Amino acid sequence: MKFSKFSALAATTALCAPMAYADGHMSNELTLVSWGGAYQSSQHKAYVEPYLAMNPGLKVIWDESSAEAVAKLRAMNEAGNVTWDLVDAVASDSMRLCDEGLAEEIDHDNDLAAAPDGTSASDDFGALLVSDCFVPQIVYSTTFGYRTDLIDKPDSVCAIFDLDKYPGKRSLQKRPIDNMEWALYCDGVAKDDIYDTLSTPEGVDKALAKLDTIKDSVVWWSAGAETPQLLADGEVVMGSTYNGRLFSAIAEQNQPIGMLWDMQSFDLDGWVMPAGLPEDRKARAMDFLKFATDTQRLADQAKYISYGPARASSAPLVGKHAELGIDMAPHMPTDPANAGNVHVYDYEWWADNRDDLDGKFQAWLAK
Amino acid sequence: MALTPVKKQTPTFTASVSAAAGAFAGLFVGTAQGSGLLGIVVGALLMAILGFVSTGLIEKEKIVRAVVLVACGIAGFAIGGLPAGIIGALFGLFFGWFVFWLATGRYRSRLAPYLTSGQVLWHFTFRVICGVIFVFLITPILVVMPLSFNAQDFFTFTPEMLRFEAEGYSLKHYRDFFTSDQWQSALRNSLTIAPMATVLSVGFGTLAAIGLSQPHVPFRRAIMAILISPMIVPLIISAAGMYFFYSRIGLQGTYFGVVLAHAALGIPFVIITVTATLVGFDRSLTRAAANMGADPVTTFFKVQMPLILPGVISGGLFAFITSFDEVVVVLFVGSAGQKTLPWQMFTGLREQISPTILAVATILVVISICLLTTVEMLRRRSERLRGITPT
Amino acid sequence: MSDTTNSGPVLAADGTPLKRSLARALRMQKIRALMLIAPLLLFVLLTFILPIADMLFRSVENQIVSETLPRTVVALADWDSESGEAPDEEVFTALAEDMKIAAEAKLHTRVGSRLNYENPGISSLFRKAGRKAKKWDIENDGPFKEKFLDIHKNWGSPDVWRTIQVYSPKLTNGYFLNAADMKKGADGAEWRPENEQIYWTLFIRTLIMSLAITTSCIILGYPVAWILANLPSRSANLLMILVLLPFWTSLLVRTSAWKVMLQQQGVINETLVWLGLVADDARLVMINNQFGTIVAMTHILLPFMILPMYSVMQTINPTYLRAAKSLGATNWTSFWRVYFPQSVPGIGAGSILVFILSIGYYITPELVGGTKGVFISNRIAFHISSSLNWGLAAALGTILLVVVLGLYWAYDKIVGIDNVKLG
């Protein structure tokens, strides 16, 4: 993870003169964009370190810009100067990028490794291939953690709306996605009807009215690290965040926090390749992509963080935590014990209604 | 230097003022222990006695103060263990000094002799108010410093820390900072970008400030407005504008782009400080130099520069710190290769909970203190050079 | 001095009339001054002013619709949006052709997302139509109206077509209307429904909060500036370090420190509970609301108030106060009638500086503001990096910038920009 001044300068030079590398050869620079923190370091250990061992001359540069990936890629594309080789993005962002022609389409069967038993990549990933430009790595979920010493063990997501039984503050993400669905679900709307209800103005009002009942007890977060901090401080008694963050607070930091898996919201995270890369860089990125998304690599990542590997064939290979030595499978969102009642959010629906609902949600927040 | 002759105060005066202070402190200790009223009474009584006694023991000041200190420390320890003991000792230290400060009449020595007692009281109340505001100013630093030695990975004062147990503290966040490649490269980037941006803004800025301070400059106001604008335009607008524009001309994600952006942000500070120095600049000096045959360049370096140097340096430091503490613009204009310290801190706050940023902050505060001391010394030097003696 | 009686023009040493010689000297001086300023001026214009102008232009720019759908825009010009019916086959054929070209270049979804800001749902209409349109043969595959309606029934909705028609010009005031909680309705601008109105609230809140922050900075800054100006310079300079130290500590760190201080399990609440002043179950809520934002921002901006006040107060002669007192004025009168009026320029300078800076802040409100403490800049940042509605972000930014520049102008008029001093 060295990006010394020299290598950065070298990267700039390489970008300014992509023609300097003869076609067919692979570039010796690889700029990967990810989220930083424990997640990025798990990617580094599981994918990059073994890949570097195979390719000694290569320099890998990490950019922690995934949160602004779509905006930055759009601006880079406008300017015709794309400096990234592979971008780690959530599924909805990958779909936006693909739609706008900002991401390269990937032929999953030809470009990616097949499973060890010969199953083709597209069958191995199955339904998780939500977009033509997207190579999924992990399944993560947005779910709830609660303070085991401050409140009783909740067993339904609706505990967040029950201030009598579970008094105290809760933290929720400052966006409509997931929160609106949970609100409707706890207001008695059947799981299958959630998006139909939300498509009507009355449904939106209904969801906001439900959220209104706890509005004064909510701390709104925008960065994944906030909820674990708030839980550790005892500032909130329960809160939503990404399940990996809760795992690290519980297992690595020994905080008195428990997991509530009910109605966890599944989401995907994976690689996207920016469109219009020069041949040498594209070849390098493809080579890395093929290696980093094979069955073993995806299973290896689960040694460092509790996110489920996206390939079906990786699941049996998930082992123990690299440092703590505990079994990782029970901490995966995809583990059958945890995935009893899950919420799968509708990417297409949100792509259409995101701007509109966000306006209403923010107006409601500001009231 | 005593403006007013020091004279011993009456025991009644000392006793009553100390009793008031004692009652105030007693209120807090009392409520913490369950009864505010009892606290007030006991505090007032104890302090009244102390005040009364001490007027008779002025010669034995040191011994009495030591006794008070130890007694309060022990009392505190008995109430609430080590932390309370330390707070108690601090109380003792303060009250020991306070009663003798009253009893000996020292408090009046620096005040004008004609002040009424009401004015004296106001004078000290005002100082206390100012003290509180100064505490407000440095509170965050007082919080950050101990937390940076936290043994846990959260921004929380753990029970172990509050009990002053050794296992509650650790240097691991400092170790993280010095051993992590990411932090080190961020530090290197900051240390590369900030000086380059500073040199650019100081170079251009000083020249322009000299130009602006000439007696006849057309469109002076308009030019000034343009040059100051980077300080005035909301940062998010600057960041977005530069981001779009620099991407288009291929500067986004390059060192040069970040340096240019930071230089632009630092310019107002250089302009402001250097023009301020030039206001006090005696123009006849340059004329005298020219008269003696010096060419403009020599005049600039030999006469003008040494005199405005403090202004230039302090402007440069402001420009430096602007770049060194800037997160919004670099987040947009920079990319992985140019990740600076504030950017790394921002990721640290957003993506992982790591008090390492507090350790970094502590280190930076220490560096800031050094820099500020330098500025202060430079200013004294400049005042000496200009013949203004500090009072 | 000779006692010459010449009545002709006064001559300079080289024989030219003195007036002309002086004028030339003055011109030279002006040129020299401009030469010194020119490099910086150019630098700031290129690296700063130009990018901002470029960014602000996005608030009215709307070329994407007419560039991606040129034929449709022309064909649609004659359509009457009041008719209540979808346009006829001619328009659909034009759209099919445009869509095919756009879909091959992958531009159709960009128009879709652009129009989706105005009419939710259009994004997926374009996405779905583009997928099909790629395979169409424009010459032979008609008629297209049915084909579009097959893809999605909303292609027949006049509302969708009206949106395309309204947003076909190259320049639009739509973003500005949006920024003022309005939208382009059937008959010109109209208010958005109440549950979507947010920007007025935010602008007004930003102004009120900035005012509150400025006021608390004045209240806290005045005594400090006074004591700094009236202490002997050695102790004053030491105290000055205390003022400048937080100024030089990372903004992010100071904001997180305030979080640690103010939260319900934080330092202040713990102390109050320990002292018994506050019950354990009635801890004060001091963060994630307006109070927290005001405290943290006051702390961050206080040095910007103290420094200009200090430099003004330093110039006030303390003997005036003593003179007033010796003439029989009370403490209060001598302060209020003699000292305070002289310090007003400092207050003015500090206030406008703090006000302007606080209006544009966004990181601190984001971290400690909760829902009631966010500023308009937070929304700008959101539209830039998250919703990607850059036009709206630019429109909001333009409005904010106009307000700030108005204040800046007032500042220059009242105080004069030269009178700002930092340390």
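We just call them A, B and C in the order they show up, numbering each chain from 1.
In this text, a contact is a pair of C-beta atoms (placed from the backbone, for glycine too) under 8 Å apart; a residue touches a chain by one contact, two chains touch by 3 or more.
To keep track of the chains, here are their UniProt names: B = Inner membrane ABC transporter permease protein YdcV; C = Spermidine/putrescine transport system permease protein PotB.
Keep in mind it's a predicted model, so treat the numbers as computed, not measured.
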For this session: Look at all chain centres (mean of CA atoms) and spot the one farthest from the centre of subunit B.
Result: A
Problem set entry | Chain nearest the overall C-alpha centroid of the shown protein atoms | C
Exercise. CA centre of subunit B versus CA centre of subunit C: separation in Å?
Worked result: 28
Problem set entry | Euclidean distance of C-alpha centroids - subunit A vs subunit C, Å | 32
For this session: Report the inter-chain centroid distance for subunit A and subunit B in whole angstrom, where each centroid is the mean of the CA atoms.
Result: 41
Problem set entry | Residue numbers of subunit A (touch at least two other chains) | 67-68, 233
Exercise. Which positions in subunit B touch two or more other chains at once?
Worked result: 155-156, 244, 349
Exercise. Tell me, which residues of subunit C touch at least two other chains?
Worked result: 265, 384
Seminar exercise, completed: Seen from subunit B, its contact residues with subunit C in the complex are 28, 31-34, 36, 119, 122, 126-127, 129-130, 133-134, 136-141, 143-144, 147, 155-157, 200, 204-205, 207-208, 210-212, 214-218, 221, 223-230, 232-238, 240-242, 244-246, 260-261, 263-264, 267, 269, 272-273, 275-276, 279, 314, 318, 321, 325, 327-328, 341-342, 345-346, 349, 357-358, 360-361, 364-365, 368-369, 371-373, 375-376, 379, 390-391
Exercise. Within the complex, which stretch of subunit A touches subunit C?
Worked result: 67-68, 70-71, 74, 96, 99-101, 169, 174, 205, 219-220, 222, 233-235, 348, 351-356, 358-360, 362-367
Problem set entry | Residues of subunit A that touch subunit B when the two form their complex | 1-5, 7-9, 11-12, 16, 31, 33, 35-40, 61-65, 67-68, 75-76, 78-79, 81, 83-84, 223-225, 228-229, 232-233, 253
Problem set entry | List of subunit C residues in touch with subunit A within their complex | 105-107, 109-110, 112-113, 116-117, 120-121, 123-124, 127, 195-198, 201-202, 205, 263-266, 288, 366, 370-372, 374, 379, 384-389
Problem set entry | Sites on subunit C touched by subunit B in the complex | 26, 29-30, 32-37, 39-41, 43-45, 47-56, 58, 220, 223-224, 227, 232-234, 237, 239-246, 248-254, 256-261, 265, 267, 270, 274-277, 299, 302, 331, 356, 359-363, 367, 377, 380-381, 384, 390, 393-394, 397, 400-401, 404-405, 408, 412, 417-418, 420-423
